[in-house]
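Structures incoming, each one as structure tokens.
In what follows, subunit A forms one complex with subunit B and a second complex with subunit C.
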Partner chain A sequence: MSDRRIGVYICHCGGNISDYVDVDRVRKAVEGEGGVAVAKTAMFACSDATQQEMASDIQEQHLDGLVVASCSPKLHLHTFRDVARRAGLNPFQYTQVNVREQCSWAHTDDREGATDKAIRLVRGAIARTALTEPLEPIIIETVPRVLVVGAGISGLRAAIGLADLGISVYLVEKSPLAGGWIGKLGKMYPHGKDGKSLIAQLINELKKRENITLYTNAEIAEKSGSIGNFDVNLRVRGQEDTTISVNVGSIIVATGFDAYQPEEEEFGFGLDGVLTLPQFKELLDSSAGRPVFNGREIKNVAYIYCVGSRQQPEVENANRYCSRYCCNAAVHASIIALEKNPGMHQYHLYRDMRTYGKFELMYSQAREMGSYFLKFADDGPPVVERGYDGKLQVSLKDLLTFGEEIEIKADVVVLVTGMVPRKSPELVDVLKLPLGRDRFFNEIHPKLRPVETMVDGVYICGSCQGPKNSIESVASALSAVTQSASILKKGYVDLEPLIASVHQDLCNGCGECVATCPYAAIEMEQQQGRSVAAINRALCKGCGGCVPLCPANAIDLKGYTDAQVRSMIDALLKETCQNE
Partner chain B sequence: MTATNNESKDYAPKILAFSTNNISDPGIDLAGSSHMHYPTSAMVFSMPCTSGIKPEWILYAMEKGFDGVFIASDGEECAYLPDCAERSAKIAEEAQELLREKGYEPKRLRMSAICSVCAEPFTNQIKDFYNMLKNLGPARKG
Partner chain C sequence: MALVNPNFAEEIGKPEAFNASACMNCGVCSAVCPMGIELLPRKLFRYVLLGLEDKVQKNSETIYSCLLCKMCEANCPAGVHIAENVRSLRYYLNKKVYNL
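Then we have the complex of A and B:
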């Protein structure tokens, strides 16, 4: 029998639990369990009064384990860990049992069954808790420097933001010039200011700050270390390649996007006069007067939207996502075109217009200025051909006029191309960055942790994460600045100690686990003349993926050990009084 | 006397469901928050990632009295391991092999991807699995 002293608290949650589960019966059923020293019910376990009572019990009854049966751990895991910590009990000897979302609320139709299940779940948690050991958070000191990868608008703005917080920045740009996509753009919405001048302004600010170092023609070659203290080697191209080593506390990736490159013959791509949106933008920005193509004034333009975005699932490696910037960019381009040549006829062939938020005004403006909007079906894309007269001819069925067949003669057809992830296998490989299904870099949680990645200390921002316009990119860049600063200004980070651990006496040194860890968190080391596996505590993510792959059963995940799982299974199955 | 498929009317198959802290467990929570019902004999144990389940645990659960094991996997959404789906599939295959060796029907283990809003798919899967196990009879015969 367990010689532990565990406190068990079963919450009514007002009635959210006790209306459907007989909490007193649960308490009676578990109070005699081995290792249970205190078993109580509470109207609201999370209330200040009950937290206080738990803390007193922990101290007065010398509890060495805590179980709270209440709501989902997503809500109060940290609340009760903190109660334990405040009372001097190791927070990792606390277990939360979800008897609300996963019991009372799911079984509002079966009080007997729900009560029986709650008893089993609480017993399971007691069994797990009886086998907990005190764990200390892993404390890592941080160095107050950041590496920013990519000097587009996001990277530049992030670098300035960090510098102003007193954090030194190494800014690395792969191409010969900082500025990215925005650095090539002319007039932008809504202020009519040139992209070029926005970038010039940022670079001017950059130059004023001594704690920013910009490397162009440079990229990341190697990385070692972990959150708070990374050693990174940069490769700088020149007459001869040079390697620069930097030591940073965090890394912000702002590598941006690539423009979708249409396939040959996709909407006539390859025919003279069929341009992508970036090509057409460049043509407009470089025209002083009326825009001209092949020496002839452009009188008729047809825009085809959603090229390379929102592709049908049948397309190989389909880009299913909406690139979100292109409707706005194309509508804006048409306004600029009309300003340069008020006589121009423009036809917008779209699937759905997504000029969201303030961009709606721009859409209205384009319509008022005389642009025509025609809608085609998802499965009825327009066809672009070279007509007999040598002109480009676009035909479609227009849904707005109930499927009328329309033919448009155009001097230029603009394919409104979306954003695709930049192919950067080296970067993915060096930083171990996870990719999403859309092949953009993936955050941990889109709403709650939008710029953090699974690699601690590595943040993402801007359009390397997914389609964003420059406004959204800069907002996310500044959020990556905040996240970086929050760990670097404090001087240390503490990491959850629920990570893998190797029973080195059982390890046979086969090394199979080393290859299975994508975070390179397992290394072989020499122990008493034997080669055995060891976990790098700062790199291990605590996924447990190595656990079942060890042929010697020598790896356990803390909090989810082999002994805990088996003991919990036994406890879940122990018959409740009801069934006896 | 050995149990037959239809013998015990009050035989409620016990199901151990493995879920994951960040993806499938929120989906299962959502089923509860929406007051969607499923059998009370299904009990959930949440872990960081289904790639960390030992096949031996599944056999152990069956030997000790569970009638079925359900893995609510992350599918393609796992934030830890890009090959999580393949790893979990391999674990399920190995577990089924262990079950077969010990005389348990491999279909007593079922795996399905459950996302963080997959409340209805989860309850449907569990109900369906429960009915299948009910027809199959208890895992421990005799």
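Then we have the complex of A and C:
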């Protein structure tokens, strides 16, 4: 029999729960459970009045545990933890039971069953709560410095944004020059400014700020520590490699993309006159007058879209995603080409035009200026060959001309190539960054946590996390700045204490947990002459992966100890156990 | 296989007179045509744009059955001057095919 004093509150959620679950029957079934001091129902547990009632119950009845059976913890875990905290109860002695999603919503056809299930779940929560102990959030002090990896437009803009907030920045660039892809570009859309001058402007701003240090020819070699306090070794190439150690509070990764490189013979790649979009853009940018290829004026151009993007699943290592920037970039390139040579004929062979948002205007402009658009089917890609007359010829079935077989003679064929993830295995290895299915770096949630990664304190931005144009890249870079600054300016972060802990007297030092931890949060340390596992409290995410693996049963997850989970199972299966 | 001929559209008229490049193939014109002409204007304009000359010549009857009522033009979301374009096509056929 438990000597705890637990308060249990069962919510009607208006009728969301009580229409299907008999909340009074649940209350009656659990009020006699060991350790339960108060058992009540409430119309809306989250209302101010009920929160107030819970708080005064906690104080007047000297409760030392709290259970609320209501909705998903995603919605109200923090609401009720705060109730506990306000009333002087440790918030980690609170357990939420999700009887709305898991009982009433899931079993609208079976009220009896829904109610029985709710009783078991609440009983399980009471059993868990009876074994809770007070826990404190883990407080980590933060260092007001940031390491930015990659000095393209995203990295440069992030560095300037951080510096303006009073945060020191180490900016690391692998190549000899800062500026990335944009630094090589001429005229860009939608403003008509050229990439080179945008980067020059950013570098000029960079130079004005004393709290930014730029290292070119440099890479990350090693990283240790955790959110708020990372030690990173940088390898700077030169006549002799030098290692520079920096101590930072967070890391922003802005390593960008690679342009897709077509396979030999893919859409005629390898034939003279078949260029990729970046190559054609360079040709346009470097032509003062009418664009010329191999000494001859370019009169006819055929663009083939979606090269290296939205590939059919049969292709080996297919890039299934849309590269997002290429429709706009190709349409823009054709407008520049027409400005340079108004007599040029341009044929765009596309699968679907995706000139989203404001760029739709550019698509209209290109059509009005006289670019021709032809559409091919997913399973009928155009064929590029060298004709008998020595000219390149492109043939396709044009869906817009009702499946007519069309042949185009072209001086230049432009393969509109997409973005692919930059291969940086060493970075993945050192930073432990997770990759998505498309092999770009993965954020935690594309909408709600778009620049945060599974590694606390390491943020991603720009096109290293997926195809983006420069506008979107800079927006995400500034988002990473805000996320970094929010922890560094506060001076500390508080983390959930629901993490693994090692009973070092039981540990036999086998090291299995070290090998399995996906966050590198476990290390071996020497204790009284023997080697035992120790948890880095800042790195551990409380995933529990190490717990069942330990042959000595020496690891427990705080908040979900073996004893707690066992007692929950017993409580859930109470009737079954009694019947047998 | 039809070979694209970029000079054909230019031959039909000055590029500003014949302008169908803004056409996005939505089909509103065909839907509102009181003559129920399916080919005109969007399909025929495609042939002109890509320079498929014999396709245009083969469809001269269709080009002459247009009433020039401008229902299609009034409803065109891309603002293509359809009736003007049909006139340009007739001018071309008169000269080139009928030697008028």
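What we mean here is this: the second predicted complex is superposed on the first by the 575 of 580 C-alpha atoms of A that agree within 3 Å, B and C clash if a C-alpha of one lies under 4 Å from a C-alpha of the other, contacts with A are read in each partner's own complex, and residues count from 1 in each chain.
We take it that a residue touches a chain if its C-beta (ideal position, glycine included) is under 8 Å from a C-beta of that chain, and two chains touch if they have at least 3 such contacts.
Predicted, not measured: the structure shown is a model, and the values here were computed from it.
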With both structures lined up on subunit A, is it a clash or a fit for subunit B and subunit C?
fit
In the superposed arrangement, which partner chain does A:572 touch: subunit B (first), subunit C (second), both, or neither?
first
With both complexes overlaid on chain A, does A:100 touch subunit B (first), subunit C (second), both or neither?
first
Subunit A residues touched - subunit C or subunit B, whichever exceeds
B
Would you sort A:364 into first (subunit B), second (subunit C), both or neither based on which partner it touches?
second
Partner chain in contact with A:437 - subunit B first, subunit C second, else both or neither
first
Touch test for A:547: subunit B only (first), subunit C only (second), both, or neither?
first
Counting only touches as set out at the top, which of subunit B and subunit C does A:557 meet: first, second, both, neither?
first
On the A-aligned overlay, A:238 touches which partner chain: subunit B = first, subunit C = second, or both, or neither?
neither
Once the two complexes are aligned on their shared chain, state how close subunit B comes to subunit C by Cα atoms, in whole Å.
35
Subunit B contact footprint on subunit A (complex, rising order):
72-74, 98, 100-110, 113-114, 116-117, 120-121, 124, 434-435, 437, 442, 444-445, 454, 498, 518, 541-545, 547-548, 557, 560, 562, 565-566, 568-570, 572-573
Contacts from subunit C onto subunit A in the complex sit at residues 1-4, 6, 15, 21-22, 24-25, 43, 46-47, 49-50, 52, 55
Can you name the residues of subunit A that touch subunit C in the complex?
300, 345, 347, 364, 367-372, 374, 395, 398, 400-402, 404-409
Quick one: in the complex, what on subunit B touches subunit A?
14, 16, 21-22, 25-26, 28-33, 35-41, 43-49, 51-55, 57, 60-61, 64-66, 76, 79-82, 84, 87, 91
